[in-house]
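Chain IDs A, B, C and D follow the sequence of writing; residue 1 opens each chain.
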Amino acid sequence: MDFKTTVFFFLSAILIFAGLRVITARNPVHAVLHLILAFFTSAGLWLLLQAEFLAMVLVMVYIGAVMVLFLFVVMMLDINLDQLRQGFWKYLPLGAVIGILIAIEMGMVLGSRYFQVLDSEVPGVAANASNTRELGALLSTDYVYPFELAAVVLLVAIVAAVALTFRGPKKTRYTDPAAQIRVKAADRVRVVKMPVEKQD
Amino acid sequence: MLENYFPILMFILVGLAIGVLPVLMGWLLAPSRPDSEKLSPYECGFEAFEDARMKFDVRYYLIAIIFILFDLEIAFLFPWATVFKDIVASEPMRFFGFIEVAIFLTIILVGDAYAWAKGALDWE
Amino acid sequence: MDTLMQFGTGVFGTAWPAVWTLIKIVLIVAPLMLGVAYLTYAERKVIGYMQVRIGPNRVGPLGLLQPIADGVKLLLKEIVVPSGANRFLFVIAPMLSLAPALAAWAVVPFTDTLVLADIDASLLYILAIGSMGVYGVVLAGWASNSKYAFLGAMRAAAQIVSYEIAMGFALVVVLMVSGSLNLVDIVQSQQKGTFADMGLNFLSWNWLPLLPLFVVYFISGVAETNRAPFDVAEGESEIVAGFHVDYSGMAFAVFFLAEYAEMILIATLTSLLFLGGWSSPVAFLPDGIVWLLAKICFMLLFFLWFRATFPRYRYDHIMRLGWKVFIPLTVVWLFVVGIWMMSPLNIWK
Amino acid sequence: MFNDFVAPSLYPAAPEIFLLFMACVILLVDLGVKSPRRTLTFVLTQLTLLGCAAITLLTSNTEVVYTFSGMFVDDMMADLLKLLVYGAVMLALFYSREYIQDRQAIPKGEYFVLALLATLGMLVMISANHFLTLYLGLEMMSLSLYAMVALNRESAISTEAAMKYFILGALASGLLLYGMSMIYGATGSLEITEVGERLYTYSVDKSVLVFGIVFLVAGLAFKLGVVPFHMWVPDVYHGAPTSVTLFIAAAPKLAAFAIVMRLLVSGLITQAADWQGMLIVLSVLSMGIGNLVAIAQTNIKRMLAYSAISHMGFMLLGIVTGVVGGDARFALNAYSSAMFYVVTYVLTTLAGFGLIMMLTRAGFESDELDDFKGLNKRSPWFAAMMMFVMLSMAGIPFFVGFFAKFSVLQAVVAAGYYWLAVAAVLFSLVGAFYYLRVVKLMYFDEPKIQEPIEGPLFIKVLVSANGLAVAALGLFPQFLMSLCAYALMRSLT
């Protein structure tokens, strides 16, 4: 077993452990942290597959951004996971069936003698090819249409997020220094003349 | 390519170790005489009367969501930016290579302008 | 060098590459830690002088042993874990904040050849690792179970993510003009140009044509590290010390280390990306690591100078600066540079 | 590096580009519109759709054109479906105008923009010739729809519906992606026509492919809303604001039909035996469960949801009978009957929901069956319209729904699936029961509400035209039928 394989098993073991903890952890914050660990180790696995750019983007986007949102949500909403878990046994059979199906499928993929991507299709990895550059070249030529579509999907997401969560500017009171300076005594104090009242 | 990543793996481990070591040493060397006053969370003279973990303003979520979108956008721009010099250097691609990203950015900026005008980026 | 390699292989056998890497890592981390220690000293001295005080001068000659004394003191202080806190998260939060600040150094080049991990996507790596820094702060605030800490953590998190976007856009533009994600290539691409041909290398560096981005990047860096004037996350006068209010002893010291290591990292990256890294400013002087160190110190001075000069920003102003000034500015400059590069005036051929 | 680059032709994608441009413009223009009626936004939206229709008509030709490196296909089927989508969206927006007007909580500007972006997603799906673009189009449409369902933020039931829709929709997208990746693994291509060609020329590992198809079909079934992947349909139809229900019930069905055609027929026709078997099961289950459960409903939106499930099941019958034992002689007939079925269903459902919305007022959702009691006394004209819709959905002769069912059944019989035809007829008879119950309620029961039906004249005319079209197309179905057949003949090679 060479070093690469060792690293693969090491990372996979952590990944599986983290994945299990995500669904078994009692504290939702712990679950999110294990999810982060899972993403981190998957990024490691992708690196082993030489998918350098994607591995980095996985860390940057998922760990650096998406999980931050997750963490915000579980930290601030005080979700009680035990309540959510009550349906666990009810749904276990269905979940198990799907899980077994997927496991069988993976087994077939791995075990299949004929299963291989048609060889001619795999672009040879040049010795010094930077896969960011390769991706960039593809993204700006052949994949221009999905590239722009992705922007539109992001636009939909922005509009939807703002329309659904934002409830107009908050009515907070704050001081306007300019107005404070501009104010004159006459604006604040009204001097009135009135007859002296007699004390009785 | 992979062998270049080996030092990084080690560096991450060393980084974690450097985080763990001082705390461990602190634990071993420092005294530990806890009492209930010392262990109470910091408050301004009162006993804390509720859990500190409370619901927060929706703004924080909104900022986080918009951040994800921008982060994704940057991730999309990176590959293009690395080949932009080649794009500029090649005659047939020159114009197209820039315009496509200009369109990409404009689409997102429309969304940004919308969020801005709605006041979603205002803090208070 | 060869004899060293042979000797190493003789002693450690196949494990030698690992040991050699470890030695190199120590050679990076040890000076870094020393740098962190003396940055705190420099901070107190510089700010002291700016405020017409002397600063620390009792421990050792000129107070030079002050950081060591501070370290020993923190080491011997009790680590208090508040009663309502989540013990596990409370303890790992400082580690999670230090590890990314250190791990980013793995790809930082010091000269053309002096780099630990010369990976192709080193800039992306730094961005990815850097984006993980927010977790230490958030978890610390949440695990403490104190309102001040939580408030500080949420503020810090929103602030960090806001400024990360401006930094990201600035990096995209740097990439456009250098055409590579590799930091060594980025530095080398700054060594040529019209002014470099005239012998005035420093005018060919990225800072001049990308001036707005240079400013945005560095100021965002200051905000990312939660340093003054963007230190609302700690804001002593309002939320006492923010996310680390309940930390003490070495646990606190690790946060401190992380903050200063991050500062040095930002200064280094700014020097590499915008100030030509190890290139010498004029043609008649040789390039070398000395220049890089000088530039780092120069940038670090700004951190201290800001702290001594500016009052703390209000939180809504910080968010406005990030979202409404920096991001639009970087995007506009992206367009400007794109058009510039397509025009006949393109200086990055 | 880029010296042999050739810029793709944008001409075939002109409607999409125009729509995107206008959606951005409307989003920004709407920021300046202060009036709660949003007349400017509304008019611009309708003009945009009209413009798209004009562009589609002008750029239409009978050839199959590919662009963007084969990721985008423009054929007759695409053109026809796009035109129908514009029509369905325009009608839906006309009908919803008053409805959203009366509900304060719904943000008006975003409503139209999201509707346009959803339409864009449908167009992308219709013209997709690549797994990636198909998926992106689907996500673009779905994301907009999720948001539209939740737009009425004061309604807990809408939010719940949106949540269910979102979670199940995301699951379905996951299944679809998983299936696509398996098929990519088996064939080495993401381009749908290319996949078809490779399956034809190379021998490909069957087991992986079949698994890919299973997931693909499951994902599609989710999106079509057929049993057993139908759980979201009743909740979403019921929970969403009625105007959004109308939107979801109409145009997306056309897009869903398009992706079924693209994925299964263009891409996987060689594997027809595999997916046809799966679709038969889905179809029979949908017709059965859809029709039976619909009987028990007291809410007309839920009832129409189950009715939609059963109709989608019926439509699938047309798709499963295309290839019989490797013989594709009847394919064109079968697929065009399915297309005709979808088109007429969309037309009928538009009229149905349009009528429901006419009966609503501010603060009152007329979505219980009881609200239709004695409609004849309140407005004989609209009661007649509603009767047309119900009779057409039930498949009573000489309404358009009858011919739709008839042509599908013809295809089924031609393919030799006699038992399937018998089952379909039986389930339709069950279905007729609850459609006719609505008719009974309208004509033979005493009204609970006496108020006459109000609304702008224009909308009344439009709904009437829509209802009359249901009846008229039943008398002259030939034109639309041959149009579908012609479009498909030009597109399927």
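In this section, a residue touches a chain if its C-beta (ideal position, glycine included) is under 8 Å from a C-beta of that chain, and two chains touch if they have at least 3 such contacts.
What you see is a predicted model; the values in this text were computed from it and never measured.
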{"item": "Highest C-beta pair count, chain pair", "value": "B-C"}
{"item": "Chain ID, smallest distance between chain and overall C-alpha centroids", "value": "A"}
{"item": "Length of the line joining the C-alpha centres of subunit A and subunit D, rounded to whole Å", "value": "31"}
{"item": "Distance between chain centroids, defined by C-alpha means - subunit A, subunit B (Å)", "value": "10"}
{"item": "Distance between chain centroids, defined by C-alpha means - subunit B, subunit D (Å)", "value": "40"}
{"item": "Subunit B and subunit C, separation of their C-alpha mean positions in angstrom", "value": "15"}
{"item": "Interface hub residues of subunit D, defined as touching at least two other chains", "value": "1-2, 5, 20, 24, 27"}
{"item": "Numbers and ranges of subunit C residues touching at least 2 other chains", "value": "119-120, 124-125, 131, 142, 154, 157, 161, 164, 180-181"}
{"item": "For subunit A, residues that touch 2 or more chains besides their own", "value": "52-53, 57, 60, 64-65, 68, 72, 75-76, 130, 132, 137, 141, 144, 150, 152, 155, 157, 159, 167"}
{"item": "Which pairs of chains touch, using the document's own definition", "value": "A-B, A-C, A-D, B-C, B-D"}
{"item": "Residue numbers on subunit B that touch subunit A, as the complex places them", "value": "1-2, 5, 9, 51, 53-56, 58, 60-62, 64-69, 71-73, 75-76, 78-83, 86-87, 93, 97, 100-101, 103-105, 107-108, 110-112, 114-115, 118-120, 122, 124"}
{"item": "List of subunit B residues in touch with subunit C within their complex", "value": "1, 4-8, 10-12, 14-16, 18-20, 22-23, 25-27, 29-34, 36, 38-43, 48, 51-54, 56, 60, 63-64, 67, 70-71, 74, 77-78, 81-86, 88-89, 94-95, 98, 101-102, 105, 109, 112, 116, 121-124"}
{"item": "Subunit D residues touching subunit B - in the complex, by the definition given at the top", "value": "1-7, 20, 24, 27-28, 31"}
{"item": "Subunit A residues touching subunit C - in the complex, by the definition given at the top", "value": "27, 29-30, 33, 36, 52-53, 56-57, 59-60, 63-65, 68, 71-72, 75-76, 130-132"}
{"item": "Subunit B-facing residues of subunit A, complex", "value": "4, 7, 44, 47-48, 50, 52-53, 57, 60-61, 64-66, 68-69, 72-73, 75-78, 130, 132-133, 135-137, 139-141, 144, 147-148, 150-152, 154-155, 157-159, 161-162, 165-170, 172, 174"}
